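In the two complexes below, subunit A is the common chain; its partner is subunit B in one and subunit C in the other.
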Partner chain A sequence: MTDPGAADVVLSIRDLTVAFSTSRGDVEAVRGVDLDVAAGETVAVVGESGSGKSTLAASVNRLLADNGRITSGSVMLRDLDITAADERTLRGVRGSRIGLVPQDPMTGLNPVMRVGAQIVEALEVHGRASGPAARTEAVALLTRAGIADADARFGQYPHEFSGGMRQRVLIAMALACRPEVLLADEPTSALDVTVQRLVLDQMAELAADVGAAVVLITHDLALAAERADRVVVMYRGEIVESGPAHEVISRPRHEYTRRLLAAAPGLAERKVAVTAGGGPAPATDGEPLLRLTGAVKRYPMPGRAEPFLAVDHVDLTVPRGRTVAIVGESGSGKSTTARLALRLEAADGGTVTFDGRDVAGLRGKDLLGFRRSVQPVFQNPYASLDPRYTVAQVVAEPLEVHRIGDRAHRRRAVAELLEQVALPAELAGRRPHELSGGQRQRVAIARALALGPDLVVLDEAVSALDVLVQEQILDLMVELQRDLGLAYLFISHDLAVVRLVAHEVYVMRHGRVVEHGEPEQILTAPAEEYTRRLIDAIPGRSLVRS
Partner chain B sequence: MSADTGLELPASPPGAGARRRGGTWRSAFATPSGIAGVLLMAGVLVLAAMAVLGLTPASPRAQDVSQGLLGPSGTHWFGTDQFGRDVFSRVASGLANSMRVAVVSVAVSGVVGITLGVVAGYYQGLADRVVGVVNNVLFAFPSLLLALALAATLERSWVTVSVAIAVVYVPIFARVARGPVLSLRTADYVVAADAIGRSRLSTLVEHVLPNMAGILVVQTTLSLSWAVLTEASLSFLGFGTPPPAASLGGMVYEAQTLAVIAPWMLAFPGAALVLAVVGLNLLGDGLRSALDPRRADR
Partner chain C sequence: MTSLRTAFSHPLPRRVGEAAITLLGVSLLTFVVLRVVPGDQITAAYGIAAGELSPEQIRSLQAYYGIDQPLPVQYLGWLGGVLTGNLGISANSGLTVAALTAQALPNTIELAVLAIVVGLLLGVPGGMLAASRPGRARDGATQLGSLVALSVPSFLLATAVATFLANQLGWYPNGEGYRTLLEDPWLNLQQMLLPATVLGISIASPVLQTTRAAILGIRAEDYVRTARAKGVPPRRLQVRHILRNALIPVVTMTGLQFGFLLSGALVAEQIFAIPGIGRQVLLGLNQQEYAVVQSTVLVIAAIFVLVNLLTDLVYRLVDPRVRVR
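And then the complex of A and B:
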């Protein structure tokens, strides 16, 4: 487990076991974990949610939830035993000798405090600097974390920063006191892939500057392998495999590692066959199912005369039974395009036709008919189901709204739909909060299928899921498409995922389609610099090439 | 109990209603504060019911000066006041009056305020602007002062007191209801309901209102306790429920000059007031945790 010849071990975890007391007795989240991290080294801890990787990180600075405790083993920060230290000592260690980058950049900063003041605070609390010296130091840190014009940005509030910028501020804060260890718990899972890449580059650079050892917690094996010197794979609280990154990737020994590797979208095989003919032209003849022609959507901007052009003359077609993907960064207009396709918004210009009919003019029965044919699945599996509904009620709702069948018929239909999305029938009586993220997304898909649609619009439908669950949902999508002849409009920021399932890809930027074609063609020969950036941002891309 | 409870808990999805409603009450009893709240309010309502049904030991208005200013005893549990009226009977009657004013004023302001707030938040546009302006105007007046002015200009009775309190609480309910509607109307499951083809109104009733019921129930119970206090304040100042009808605020007012020789005249109505307010607050707390779907099923 120990790096051979590692002379300078900063963090040494021995036989660590962490238990949480719950109403159903003690649950061991981490069992007998050994881990050494040397100065200047980056170690990635990889696993699915519930594998204990975040608990491991939390026990390093002893910030476990109230019901958690370290039951055995030790965590040594050089010669300080963290497990035995008193609260006072720990306060001196946290933020000073151990820096922490949290997962969610949106809640990591105090919204009513200027960004600079928060970094100055971190410096002052640990007596590293004060007054004008602290300010100079904070500006220097922001600059090194990749914040342009840091001097002016110093006085701004968190809401004036984008997600990626905030995460850079948090990284600057975590490294402000030159810690020996930097803990980064899923630091970029809330960010777009392109931003993720920049933030991780900056983090690595800054950590190397400061000489901190980095412990990177992630669910993405490809990302871990690309970023870390060593990779540690955790499964159900235990380390099942560890070793140099390239070795774990090229010669995985444990079955679980192999599964993670197979599921990583950057490394996995395509799930749909590309048509032999090639070229972006739809393979089916006749009118496509969905057609956007010069579609425009404007939003008025408060305090500005010029409206914001969210969708700028977009032409797009979705043929029957095919998957068409829209890729782009946040703010590129891809979600608004999805809302136009769903007729949740009316286009301000151009036309949206479904099955040859302009959707703008649909009223009454025609509109209900359209609703039966086009259904959405959203990104956040926690927000897309009414918390008061049971699974059966969620899936039956579309049938009730459209007055399809009597109660007994609906019950049978729900059972069939749950089977179709591979959910056990006994989940029917549960409420969303009793389900995992993957199960919720299956419920959302079952609801979308209830009316027998022709087109399902998936807006970042797999982005919030772990790689293994993501793979299962993608497999389910492909299977349903084959069985039911569904067409998908698949919205994602991640070209790696799109590559797996799409027949055709549209790349969007600033509300415009900048290029479109078959996925392999886009990936191997992108016409635009922007597309190239999206491709380079795919985690593990460099591993595939080398 | 209050008319707006019906509004806040619209018909549950078929099949689950009865079971879930029963579960709510069971889990309201399951938290310590919920139990305390339910017990306190049960006590308050028993006393109030005694007064309404005429089951108090004596008539709250019957005077007997020869029996004036007697301390608590077997015949007069809470003692008597300077006119020889039974303080226990008057406390029971005062509680009945407080609860009547509180329930009526909160029912009226709840129905009007929640409707305004929900319409403004859900439909936006002109409705939102109009409700916003009306709210801001009403908010500009200090609430007790507005109630005082209304109570002073209208004929004194428990009805005018209720109306005065209701007017003050309409904008509060409107504001409290508008906030959650604004965030719920863009929730993914509400958008999904739109995409299914549910009508806007049906989505409001099926998905938006049930998910804000917790907030509204808490607001309603809190408002009941404020209304009890406001009624007591108005009566204390002489603008509330007119004598000789018993009101807790009026009783405290009459007792203040006699507090040294007859402390029971001050202590019992004061304690009744405090317990009623605390009981309503605890009940609201218990209901809030019971109505959270993430906690109800534990």
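And then the complex of A and C:
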């Protein structure tokens, strides 16, 4: 159904403009948008944060924030004008004719209500079923959404479900009343790639069953192209390009689309050369900077005699000036390995050496010296900066802790560091909440660089960012490595991102390294079935092959 | 050894262990503080006449009151008694502290429960009202009211209310002797009405603030949007999704207030002549009755700790995330 003119159009948006009233006056988040979606069709809306794609979705079921309003245009659900409907009518439409799959499954479910009851509620409020019939129906929905043993899990609470499972619950809930339109707002951005793939497969299958028109909101063009019939690219509130998915990918007309395409990790070019020439010289001779030998980390499990083996005899080396990546799913032990390297945790077995010295034995001055040489950058730029500190205070703090320089020296150092990470100097006085996600991550990198480290440990440092911002941060990393000779230990669940920047890759599963090697070798000839699954999960992988 | 450690890593035994240590600390502290205060039971009993007692008389009185022993021996003797159920004897009335407590405690608990009920009835709907239109007149008025209620000391409010009702309306149920709930339920409830309201007003304020803040926070949660996107009508949204989650911090707050009431009821008990546990401590203090004060304070502390334990259990009921699996 690539020709919407001939198809059964369910959702029709005409000249839609949405404005938010803010302290700086009205801001138009969506401007003059036209969009048609037909039954059974999937249309992907692609754009970066702030492009207006989520606002577009929120105006379809009229769940805009309190300060937002539709200033012109119309949204028609068949012959019902959503923009003109009253609240009572809208309540009847939400959930029954328009389903919503929200972005973050971890916070999308009511924590004090049983999972089953939340699905039953969706059926009950629209009078679709009640009592035992609703229960039977809900269990069937959960089963179809891919939840094994749904009958037993019906009575459990959301915290007893993993992220992927919760998203399946939300999908089952959104489709419970067989809606005509399904809005999926970044449904899998918070999930591991392998889980993402399964969940999207499941969602597509269920939506097809119901015959719903799907509006898929995403920042990842590769994912959009793979999953949708048509792709609509939004930039600063306007649609800049639209067309059949394969056409947008193969012949992008707009400059912004080309940028998105170049930034999609599954489609982009590698940023570092593995062998000499272009990249830093391989420093294979002599002692590597970081070496883990048979490293073990156990955690006691409450109520169980056997401890949990988070890291199980891991051998890993990071040479100077190189990027070594660890990939794996959630719970594979990659973050714990990073914590061992940072000496935030002590190994229960094996050794961790840095620059030839066992880090376990470091005390006092030596330990401070180690802390100066190894710096972390964490995943969530929203949570890893102190909200009460200004940017300058965040970046200067390591210098203060290690008593480096006087006040004037530190001020100069902060200015230089901000320049190094390409942040404008006027941001120095701002606080984290005034910055975008990408800017925050730059601040975190500047803070890590303050002490002139040899090794930076990046734990999912770009996973929470939009593709374009992610690309900028990756470019910055590569540039800094070239200029300062940094070594990186780069932790990620996404092989596509790893491929772009790593010289060497370790694949981890259940606390063990299952294989390691150069990224191209791992990607083209994986030795393990598990690695192959990680590769297949890369969004846009199928496009590259075809 | 490991089995002992696993047993204590389980929340409940650990909490009980912590409670026991807290109580031991309280017992030691009360004991020491009482001994540091100048004067003893002899000066309390004889007043200035105590100065005219001969050394032999003092010695025999000290032996009578049991204060001739070294302090550690006195402490351990008392503690041993408490552990075997003997809270000591009130020298003046000749009654056991256990008997006194058994009379006084139910009155205090009744008062505390009634005050909590009043506090919740005022605080939770008040918080919902304030949160319904944040920043508007209704919110401002409710918040101002709660601030005033918090700022007026309960002894002042209690005195003012009691005086007004007695003088203007001639209604003063607390003028007669106190009747327990079992003796005369109707009169008892009249007698409890005023102190419970006065105490309830002071609790309503923090409950209101907690409810308001929790509702406002929860309204912005993703799962509330999920529920709205499902088409859940407003009333059901308010109760099932918002209030149900907002109650979690309110439970914690209420538990804390209940413990506070047991000791804070002292003033209200005094003003409204309710023979509760607070009055028992006060009387004991005035008469330097070591056994009465020590044991009663320990009983209050024990109840305080017990209430906190109960709060934890209720917390587990309202919040499935902290339930023991």
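Convention: the second predicted complex is superposed on the first by the 532 of 546 C-alpha atoms of A that agree within 3 Å, B and C clash if a C-alpha of one lies under 4 Å from a C-alpha of the other, contacts with A are read in each partner's own complex, and residues count from 1 in each chain.
Throughout what follows, contacts are C-beta pairs under 8 Å (C-beta built on N, C-alpha and C of every residue); 3 or more make two chains touch, one makes a residue touch a chain.
Here the structure is a predicted model, which means the values were calculated and not measured.
Chemist: Judging by the criteria at the top, classify the pair subunit B and subunit C on subunit A as clash or fit.
Modeler: Here subunit B and subunit C cannot both sit on subunit A without a clash.
Chemist: Using the touch definition from the top, say if A:R388 reaches subunit B (first), subunit C (second), both or neither.
Modeler: It touches subunit B, and subunit C stays clear.
Chemist: Report for A:T107: first if it touches subunit B alone, second if subunit C alone, otherwise both or neither.
Modeler: second
Chemist: After the superposition on A, what does A:Q375 contact: first (subunit B), second (subunit C), both or neither?
Modeler: first
Chemist: Can A:F20 be said to touch subunit B (first), subunit C (second), both, or neither?
Modeler: A:F20 contacts neither subunit B nor subunit C.
Chemist: Report for A:L63: first if it touches subunit B alone, second if subunit C alone, otherwise both or neither.
Modeler: So A:L63 only meets subunit C here.
Chemist: Just to be sure I read the superposition right, which of the two partners does A:L170 touch: subunit B = first, subunit C = second, or both, or neither?
Modeler: second
Chemist: With both complexes superposed on chain A, which partner does A:R94 reach: first (subunit B), second (subunit C), both or neither?
Modeler: Second partner only.
Chemist: So in the superposed three-chain picture, is A:L344 touching just subunit B, just subunit C, both, or none of them (first/second/both/neither)?
Modeler: First partner only.
Chemist: Determine, for the stretches 41-49, 59-67, 77-85 or 149-157 of subunit C, which one clashes with subunit B when the structures are superposed.
Modeler: For subunit C, the clashing option is 149-157.
Chemist: Can you tell me which positions in subunit A touch subunit C when the two form their complex?
Modeler: Listed in rising order, the residues are 61, 63, 91-96, 98-100, 102-104, 107-113, 121-122, 125-126, 157, 159, 170, 173-174, 302-303, 305.
Chemist: Of all residues in subunit B, which touch subunit A in the complex?
Modeler: By the definition above, subunit B touches subunit A via 12-16, 187-189, 191-198, 202, 207, 210-211, 293-294, 297.
Chemist: What residues of subunit A sit close enough to touch subunit B in their complex?
Modeler: Going by the criterion above, the answer is residues 342, 344, 367-368, 371-372, 374-376, 378-380, 383-390, 393, 397-398, 401-402, 407, 431, 433-434, 444, 447, 451.
Chemist: Please give the residue numbers of subunit C that touch subunit A in the complex, ascending.
Modeler: 2, 6, 9-10, 221-223, 225-233, 236, 240-241, 244-245, 248, 318-321
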